[in-house]
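There are two complexes below, and they share chain A, which is joined by chain B in the first and by chain C in the second.
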Partner chain A sequence: MITERTLPYWLLAPSLIFLLLLFAYPFADAFFIAFRAEGQWTLENFRTMIEDINFGLSFWNTLLLVLIVVPLQLAIALTMAMMLTKIRAGRDLVLYVWTIPLGISDLAAGVVWLALLSERGYINTILSSLGILDGPALWLSYETPVALFIAVVLAETWRATAIVMVILVAGVQLIPKEYNEAAEIFGASAWKRFTKVTLPLLKPSLQTALILRTLLAFEVFAVVVALGGRDLPVLMGEAFLWQFDYRDNGVASAYAVLTLVISIAFTVLYLRVLRVKEEAQ
Partner chain B sequence: MNAIVKTGLSAAAVSALLLSGLPATAETIFLSTQARPIEEAEAMRNEVLGQYDGEVDYIPQEDGPFLNRILAEAEAGKVSVGLLGALHGNFPVLASADALEPIDDVLSGLGDRKLIGTFVELGKLGTGKQHYVPWMQASYVMAANRQALQYLPEGADVMALTYDQLAQWAANVSAATGERKLGFPAGRKGLMHRFFQGYLYPSFTDSVVTEYRSDKAVAMWASFKEMWKHVNPRSTSYDFMQEPLMADEVWIAFDHTARLMDAFNRRPDDFIAFPAPAGPEGRGFMPVVAGLAIPANAPDRAAAVKLIDYMTRPETQIETLKAIGFFPAVEMDLPDDLPRGVQIAGAAVSAQAASADANPSLLPVGLGDKGREFNKVFLDTFQLIVIRGADIDKTLDRQAGNLRKLMEETGAPCWAPDEPSSGACPVK
Partner chain C sequence: MADITPDSLKDERSFLDRILPRWNVWQWLFVTVCVILCLWVLLPIYLLVLSAFSPRDAVFAWPKAFLPTDISTDTIAFFFGVRGVLSAFLNSVLVAALTMIISIGLGAPAGYALARFRFRGKDSFRLMIVMTRAFPIAILALPLTVTFIKLGLYDTVFGVALVHSALALPFAVLISSSLFMGIPFELEEAAWTMGCTRAQAFWRVVMPIATPGLAAAAIFAFVISWNEVFAATILTLQQPTLTAFLLTTLSESPLYFRFAGGFFLVVPALIFIFAVRKYLFSMWGIANR
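And then the complex of A and B:
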């Protein structure tokens, strides 16, 4: 039965079954729930979602967060990855320190930043004792939406840049040294080598990192909840509220389906824009 | 070999534990939506039910699973729960599913208990039959740090404030301290919606549903928005007001007595409790009533009746008050040896109920599982008008549509203070 030809399929089977049972089925179920109400096929859940007072706000907040956080993280991660190629002594130590946030859950990261930024947090205490602030400043409230948004951007960047960096570091290591050396011989400047040699060859890693990071950014939740509670609505936060506070899994599923559609759209976009030609692979 | 023996032994130990954990037939399962936090549940088991002559398994459960379990057991015809304890608002769903046993006979057996008449009437759920026996009550009151008292507006009596005086008081405090120290529980798990449903609306419009978008309501929201200028902006993250009170972030607060109790108990000399303010239509307030009911086809009705008898005894009621901070549902004088916090809150609760301009309103009735959506209408209105600064008229028009739809879907008739309606409570 198990021949050399069928072996790969046997080896794949457990994870495939696992995915079908614990991912595909609940996923199909959520889809089903989103389009049903009172035993009929309907768009009622989506109508409720769109008419809700938090829908527009959560949609734009999430989108804006993705559009700011992802490019920012990509730039920082690229810089970090390039710096690592130049370090000789202590490279591993730097790498380990930079990846510490990877090991911290997103809720814990949110709580860490809350401890830093709340009105009785470290930063407020330090700034007040230095006389820069008159008294504790309130940054994480509905009255200061911009500050609250920046706090979330900071926390998200801190928390999830490492994963992008790890992918890019792996990608950079795969680039053969010869290309860069050849470019150097022809007199290309460091910047030119980066933009004309390293970046194009890094495309597959960039694609992976962008897809992974963007999808996760659309699901941003715990950090926002920890820092802003309900004062900064995001899509996943609304899904959570509808599921557990308003107990309407139809609308919660509608939010989930919407997030999925946006995620698929972005993935397709990345796959097309950053298409890697066969010969380059 | 050794490992196998060990595994066998631990398996035996586990199964022994499981077996001993199975309910004995004589045990009454007391399923309750109240006293859910671990300390409160333990206090119920040890202090309140400890003296009971019989086996009781007290199981606290959240509202959703509570209702699901009772309804599922009723439908399956296999009822394991002996006694139910829940807030008034949970019972109509159960009664309409015929999951409750009529207990008129139980009530008449309690003749000398002096159960509070209004609550007994509520226990009929608007039908001719008694569905639950009042168990205990609580309410929402105001609390203040004594440091704030010096800023009370001239001539104001803290035990009989008006909303204008409260606003002035909060303004005085923020002018004097530079900090906004009035606080509301508007966080995700806070009970802010009850403030609108049971306090603000009744005080200003003598209504909750019917006059939802009336001119009086417009004026009410305008003045509340004005008062909010002196409210601590962290209010949108407060769930239990005892915490910001004890942290000195807030000096004047509104909340459920149980959610203020820690502050009163830990620093009884620093905090006072007082009735909610009054508006043009009186002192709106919301008594919270919990009741005891027997599920239809309960395994042992006699045991449940005995437990109801025990739970409504004055001495048990006092134990309940000490254990979980809910006040007796029977008319009685509170003893002097109660914890300070209970005394502080108790004085405010009774002053509020006994005030000359009292305008009691009930927890929403007849909304079934739409109660959360009903709350959302009020919270969204607050969010739009007060937090996001939306136009009051437009917001009320929009939200009145949602409210009307909800009332028509559920067909819930009006409850006090709205005038009784024959069909679904109308939204003018």
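And then the complex of A and C:
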């Protein structure tokens, strides 16, 4: 029966059922697949995963990427957000340009930077015209793992800083102007106002941005494949490989479960370190 | 170049003085950083577009030209001539369109319920919606391959659209809820007192106001689907989307093919972000609290 009391539930029901079928069910199923082999509960899949030659490498590569990319993005996004509060003319245009990467997929970002960094690419052209390089040079191969890693950092920073910026800009807009004005009257310098007024008040947004960005950073995949193929193993790349090439659903799911566990661990860490007091919310 | 004499230098400075605004050092620094950050975003895209619209053999050119001296649709024509590209392109459009319909069709009513009603379980529903973002896509897609094979949904456009809808639905719910919250309830009440039923009031009063916002949410769902790589690749074999096709052929395809593919991934994004730019902040700002 549709009555005033039950109407909201009728409106919610379709999306709730959909999410249960396509989120909750596969989620439970993933654990089931990861922890089972040949009809019984086992850690066999995890053992195969850990004993795989690429496991350690993919784990550390992913972790290192997250630890470098996320702080870098936070710094750039914070700079952008603070600059946007000062721009008067052309603010909308600048904002639009800075949000463009929001719509660019990780695969496309990888291809974009491939065009720049390929052997006879644009960056090598610039480097050699500056006299740094003698001619075409190879960056994206297994022989130059550091350069390949830096390329992935560049592409990831280029693509995914926009989302952090949008969250921070939204957060900055929520800070009442009076706080900054008051601090200014009491003689606080611009830097003091930034560290003592803006940053603490921005904490909830910083927390949201950090959590969201870190979770997505652990899923880095297509950028790496587009730039380096299999030369730079990462967790999601291995999951993909086990599923798509080796046809082993169990080990692939083990990778997925591991990624989820790491993501949750980081989320909890952020929630604790950047604790937001009730009254500040 | 002419010799630099004290005279010509003086001229130069006065000329610069005339055309440049009177800013102090800090303002110059500010503008410079701003321009650099804009170029940081735009230049790579420009160079990809340039690569896609150069003739095929320009890939091997050295040194590279930074200006469009040799525009050609040779690479693009080659790209669409490759077997499977056109059907992958159409698959991508279909999947994205289906994702749009499913996620808005299911999400908008839920968003309306969250915006207009008080009921038990509202907060837990909202929390659940926000939580769905914490899931790595792999943990959804990998088990679903098994399920989809059993159900006959594996390697179908509809199957991929279902997974993409699961990704887009939480956004659709949050965006439409903030949208409906922005439309005064009094308007609906006024329509009721004039004799409209609840449904009539919704369709005649609320919907016309909400349509542009819902369209933006739909476009957002389209972009989510158009860009998704992982699930699309492992859930398809003969019927890949454009991203899946590009990813699986990356290792054996020539560079110019990848550049053309990259171009067709980037362009819709540019157009769509432009179309929804007004709504970007209400989407993310509120959706993230």
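Methods note: the second predicted complex is superposed on the first by the 259 of 281 C-alpha atoms of A that agree within 3 Å, B and C clash if a C-alpha of one lies under 4 Å from a C-alpha of the other, contacts with A are read in each partner's own complex, and residues count from 1 in each chain.
The rule is simple: contacts are C-beta pairs under 8 Å (C-beta built on N, C-alpha and C of every residue); 3 or more make two chains touch, one makes a residue touch a chain.
On a predicted model such as this, the values are computed, not experimentally measured, just so you know.
Of the two partner chains placed around the shared chain by superposition, chain B is the only one that A:Arg247 touches, whereas chain C remains out of contact. Legend: residue contacts after superposition of the two complexes on their common chain; A:Trp98 is shown touching chain C, with no touch to chain B.
When the two complexes are overlaid on their common chain A, residue A:Leu116 makes contact with chain C while staying clear of chain B.
Once the two complexes are laid over each other on the shared chain, residue contacts for A:Gly229 go to chain B and to chain C alike.
Comparing chain C and chain B on the residues of chain A they touch gives the larger count to C. When the shared chain is aligned, chain B comes close enough to touch A:Leu138, but chain C does not. Of the two partner chains, chain C is the only one that A:Ala239 touches; chain B does not reach it. Touch criterion not met for A:Ile150: it reaches neither chain B nor chain C. Of the two partner chains placed by the overlay, only chain C lies in contact with A:Thr79; chain B stays clear of it. Comparing the two interfaces of chain A, the one with chain B and the one with chain C have residues 135, 229 in common.
For chain A in complex with chain B, the residues that touch the partner chain are 53, 119, 135, 138, 141-143, 229-231, 241, 245-248. Taken together, the chain C residues at the contact with chain A in this complex read 30, 33-34, 37-38, 40-42, 44-45, 47-48, 51, 59-64, 66, 102, 105-107, 109-110, 112-114, 116-117, 119, 122, 125, 128-129, 132-147, 162-163, 165-166, 169-170, 173, 198, 223, 226-230, 233-234, 243, 246-248, 250-251, 255, 258-259, 261-262, 265-266, 268-270, 272-274, 277, 280-281, 284-286, 288-289. The touching residues of chain B, when paired with chain A in their complex, are 64, 178, 187-188, 233-234, 236-237, 369, 372-373, 376, 380, 383-384, 387. For chain A in complex with chain C, the residues that touch the partner chain are 5, 7-9, 11-12, 14-16, 18-19, 22-23, 25-27, 29-30, 32-33, 76, 79-80, 83, 86-87, 94-108, 111-116, 118, 120-122, 125, 128-129, 135-136, 158, 163, 166-167, 169-171, 173-174, 204-205, 208, 211-212, 215, 218-219, 221-222, 225-226, 229, 236, 239-240, 243-244, 249, 252-253, 255-257, 259-260, 263-264, 267.
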